[in-house]
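There are two complexes below, and they share subunit A, which is joined by subunit B in the first and by subunit C in the second.
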Partner chain A sequence: MNRFLPLIVLAFFVSVPLWLTDQYYLHTLVVCGIFMLAAMSLNLLLGYTGQLSLGHVAFFGIGAYVSALTSLGFSVSIFGYQITHDPWPPVVGVVLGGAVAGLCGYLIGKLAFRVRGAYFVIVTVSFAEVIRLISLNWIELTNGPLALPGIPPLTLGFEPIGYLTLWDKAANFYVVLTFIVVTYIIIKRLIDSPYGRAMIALRENETLATSVGISVTRYLVLAAVFAGTIAGVSGTLYAHYIQIIDPAIFMFLNTVTMVIMVITGGKGTLAGPVVGGLIFGIAPVILRKYVGPEVQWILYGSLMILIVFVLPEGIVPAIERWFGRASAKNSELALEPGKGARS
Partner chain B sequence: MDQLLQHLANAVIVGGTYALLGIGLTLIFGIMRIVNFTHGELYAFGGYMMYFFAVVLGMNFYMSIAFAICAGMLLGAAIEFLLLRSKRGADIDTTMLIMIGAWIVLQNTEHLAWGSIAKSIDSPFAIEPVTMGPISLSRIRIFVLIVAVALIVATYVLINRTKLGKAMRATFQDSSTAALMGINTSAIYTITFGLGSALAAAAGALLGPVFVVTPTMGDLASLKAFAIVILGGLGNITGAVFGGFILAFVEEMGASYISSGYRDAMGFLIIIVVLLFRPTGLFARSERVG
Partner chain C sequence: MTAAQNPNAILAVENVAMHFGGLIAISDMNFHVNEGELVSLIGPNGAGKTTAFNIITGFQRPTKGRVTFRGTSLGGLKPHQVTALGLVRTFQRTNLFDKISVFENVLIGLHRKTSARLLGTLLSLPRERKAEAELRDQAWEILRLVGIEHQAKERAASLPYGDQRLLGVALALAAQPSALLLDEPVSGMNATETGRFIELVNKLRARGTTILLVEHDMPMVMGISDRIVVLNYGRIIANGTPKEIQNDPDVIQAYLGQGVKHA
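The block that comes next holds the complex of A and B.
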């Protein structure tokens, strides 16, 4: 059952564009998928290394801006030198956006992981805020509050086969779905590798992990690079799908959305951000009919508090434990304590 | 030179309210180990309460400030009582998530209650500035500085010279021993949170008439308070006072000599530089209150 569940879920989502013809719902799912991708990357830091990073939207936004500027072209003067860049294909933008965000993950990781706890959180928040202010004030490059409009959609294909430009929502849906599946597998492989075990060891007991020779900064920075790259790529997808970005992309509320997705679904589980992402990606569609955006945010905030009080591990571990108990009763096989709680 | 003096005077004026914001936050962190994300919202709440008492109810300006501060204290105590009391001893990330949730709820409630249009509050002070040699300062801002300094001194006396302050310091040093000595530590936590919140609300009530009151005014206030507290070292009250003035000075200089667009970025750059070279803050003795 557990082996096939991801495949059944995947098959269901592959079929979605075939029967869901409402463009608005499809659009919601695409945006939901993009944020889910960002939440999956945040989960690497928040769930597996146990570091509450509240600057995650910076990587997302950096990816979006790098990719947008790569495909739109720009001309800036830095210290008297005029730098002009001609538009490149959006696919190159996706790669560059991920790479630059990953590099930022490396730099900020090197800096921020010198401190822990409250200090770490505040450094990450500050980092995102500095990036937001740069995007707002470096008008020559980013167009500031006037936004960057007309970002071209992704174009796939090669010279002999022909090109496919992703104008319609179903095509974008499949692209995002592909990225989610690939990312899921990458994160699963990472977590199952010695690197992943080192990260989890650091989360559980940093002193003990250090004493058996795990280099703390190295593994934390590695997690930050992975998380930054994935968040950057999700940002590039956002830019090419929405086709317009402005500094509001760096809003703290976007980070909060990702954090809520991760902790609701279950931090430190592979499926957690997917479940949380679906809930908070689809919830606005349902809530929108009844309440305004303020009430919606009040509900999100209340839910966040409620989850911490009632279900601190999140939904996925709770369900797993429930199923675990049921199957153990049936087969009279005792589960190892703690097994299945984090997979 | 004259221009520099004026900038220095401006920095001192702004620094007073920054220090007020900073000590409220650092007090809560020092005693309760809680990163209070609602701090900026209590600042905004103070501003709105000022608007409510002074404009909606038409009360006396000075009385309104006092009432707004009391309202902030009650809201802070209520947050502590409802959300944090049962989570004592939980790790710092758990309480941080709770506070982020509370922050979102508070901010959007303000949006809902007052609308997103900025509110302005009239002050009883004359508009023409006081001129002292090359410096000219507006009257209300001088009033704000005086009240801010008075509140900072009062907080200092409360913590260092009174029995309640002694109980707070004891709770900070070792809460279980303090409890054994007969101190009601639960009450101390509620009082601390209320006091810190009252200071944030005071800053909001004082600055409301200087600027305007908006639902999002708390966001930047929260982030700046973090910067101030990091500068001084988390939990260090004297450090927070210096941190407030340093941040105001750097912002003023940065805005006038580098670029005004990056005024608000200065604080965050300071945080990053400070943590690079002195991770425990500029005034680190060890983390302590008082």
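The block that comes next holds the complex of A and C.
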């Protein structure tokens, strides 16, 4: 049952564009999926290594800007040198965006993991703020508050086959869904491997983890690189889908949204950010029909408080406990003893 | 009596001193442990045993002196690097990954043993899948050796106390030690649990593991040690076989006070 559930959920979402004809709802799902991707990356840090990155939107925004600039081209002068970049295909932008964000994850990881806990939070918040200020003030490169408009949508394909440009929402939906599935698998494999176990070990008991030979910096930095890269890629998808980005992308609210998705869904579980992402990606749209915007935000906040209050571990662990009592299994931490003994 | 330099020594503590501000926790400590030997470090409370332990395992840096393991100086190494050399410790209080299963605790302990590479892991290549399966087999082997395999699925924190201590040793064993440092392993255990623990120590010795034991339980120490090093006030006051130690006037005085005859 537990093994097929993700496939059933996947089959359901694959079918969504076939029956959901309302373009607005589809749009909501695409944006929801992009933020879900970012939340999944945050979960790697917050959930598995236990480090709260409150500047996570920086990676998201860096990915978005790098990809946008790669595909739009730019011309800036640095120390008297004129650097001109001609537009490249958006797909290259996605790769570069992820790579640059991953590199930032590495640097921030190296710097910030010297300090832990509250200090780490401060370092990440400051990092996001610095990046926001750069995007706001380096007008020659980023257009500042005037935004970068006209970002081309993603184009897939090769020369001989021909190209498919993702103008419509259904195509974008499938691209985002693919990224979510791939990311889910990558994170699952990471977590079930010695790498992920080292991260969990550091979260659970750092002293003991080092005594069994786990290097603290190495694995925390590894988590930060993965988290940065994935968040960066989700940012690139955002840029090419929305087709315009401005420094408001670095809003603290965006980080908070990701944190809420992870915490309500269940930090440190694979499905947590997916469930949390769906709830907080879709809830505002559903509520919009029935109540005014102010009431909506109040309900949204109350829902969050309620979930955190009633289910402090998040929704997914709670559901697992209800269903798991009978079968005594707990999803990705289930180790299926006997499997190793048999082989 | 200080230990003479011995070519067979796997672990050598030379001229180590540790000062905390004005407090001298250890002054000039010299001893060694030979390959395959079981040496116990004993002494009254506050004698400096745990400090010595922390220095050997890299958790604290000595004020002076040095510790070498198989000829490599441990000076300046981080705990995980000391572990990488094959010198692994257990902790005085139970120290486990409480919230996850016993089996996964041991899997984490096997960290150094894995040959999985990052890219292969992400692509789930056969090589990495095989490495993972081997890791799981090893984890079962360790659980069976320690004798807690029937509790593999339990959360570590839910084990009875004695079994938690055994899991602590399992974790240390998983790091593939050539020398194991046990910090008061049987403190707080009842007689049955202590009996099981001694059995385990004997099994480990049969496999050729070198053991340095810090312990208060005298019957156990006297029963299983090849050699005993006695610390008092940060100084080594005796170093010898259990029989020699039992009859050493300095030791008797340190433990029982002056003027009392050893029964």
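Everything that follows uses one rule, which is that the second predicted complex is superposed on the first by the 306 of 343 C-alpha atoms of A that agree within 3 Å, B and C clash if a C-alpha of one lies under 4 Å from a C-alpha of the other, contacts with A are read in each partner's own complex, and residues count from 1 in each chain.
Throughout what follows, contacts are C-beta pairs under 8 Å (C-beta built on N, C-alpha and C of every residue); 3 or more make two chains touch, one makes a residue touch a chain.
Keep in mind the model is a prediction, meaning the values are calculated, not measured.
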Once the structures are superposed on A, label A:S302 by its partner contacts, choosing first (subunit B), second (subunit C), both or neither. first
Is A:V256 contacted by the first partner subunit B, the second partner subunit C, both or neither? first
According to the stated criteria, A:E204 is in contact with first (subunit B), second (subunit C), both, or neither; which is it? second
Looking at A:I151 after the superposition, I want to know if it touches subunit B, subunit C, both of them or none. Which is it: first, second, both, neither? neither
Considering only touches as defined above, state whether A:Y195 meets subunit B (first), subunit C (second), both or neither. second
Comparison of subunit B and subunit C by subunit A residues contacted: B
Is A:G213 in contact with subunit B, with subunit C, with both, or with neither (first, second, both, neither)? second
Identify the partner contact of A:I122: answer first if only subunit B is touched, second if only subunit C is, both if each is, neither if none is. first
Based on the A-chain superposition described above, do subunit B and subunit C contact any of the same residues on subunit A, and if so which? none
What residues of subunit A sit close enough to touch subunit B in their complex? 50, 52, 111-112, 114-115, 117-119, 121-123, 125-127, 129-130, 133-134, 136-137, 252-253, 256, 259, 263, 292, 294-295, 297-298, 300-305, 308-309, 312
Along subunit A, where are the residues that touch subunit C in the complex? 186, 189-190, 192-195, 197-198, 200-201, 204-205, 207-216, 222, 328, 333, 335, 337, 339-341, 343
Which residues of subunit C touch subunit A in the complex? 57, 78-80, 83-84, 88-89, 91, 95-101, 103-104, 107-112, 114, 116, 118, 121-122, 124, 128, 132-133, 135-137, 139-140, 152-153, 171-172, 174-175
Using the touch definition from the top, list the residues of subunit B that touch subunit A in their complex. 29, 35, 83, 86-87, 92-94, 96-98, 100-105, 107-109, 111-112, 219, 223, 226-227, 230, 234, 259, 261-262, 264-265, 267-269, 271-272, 275-276, 279
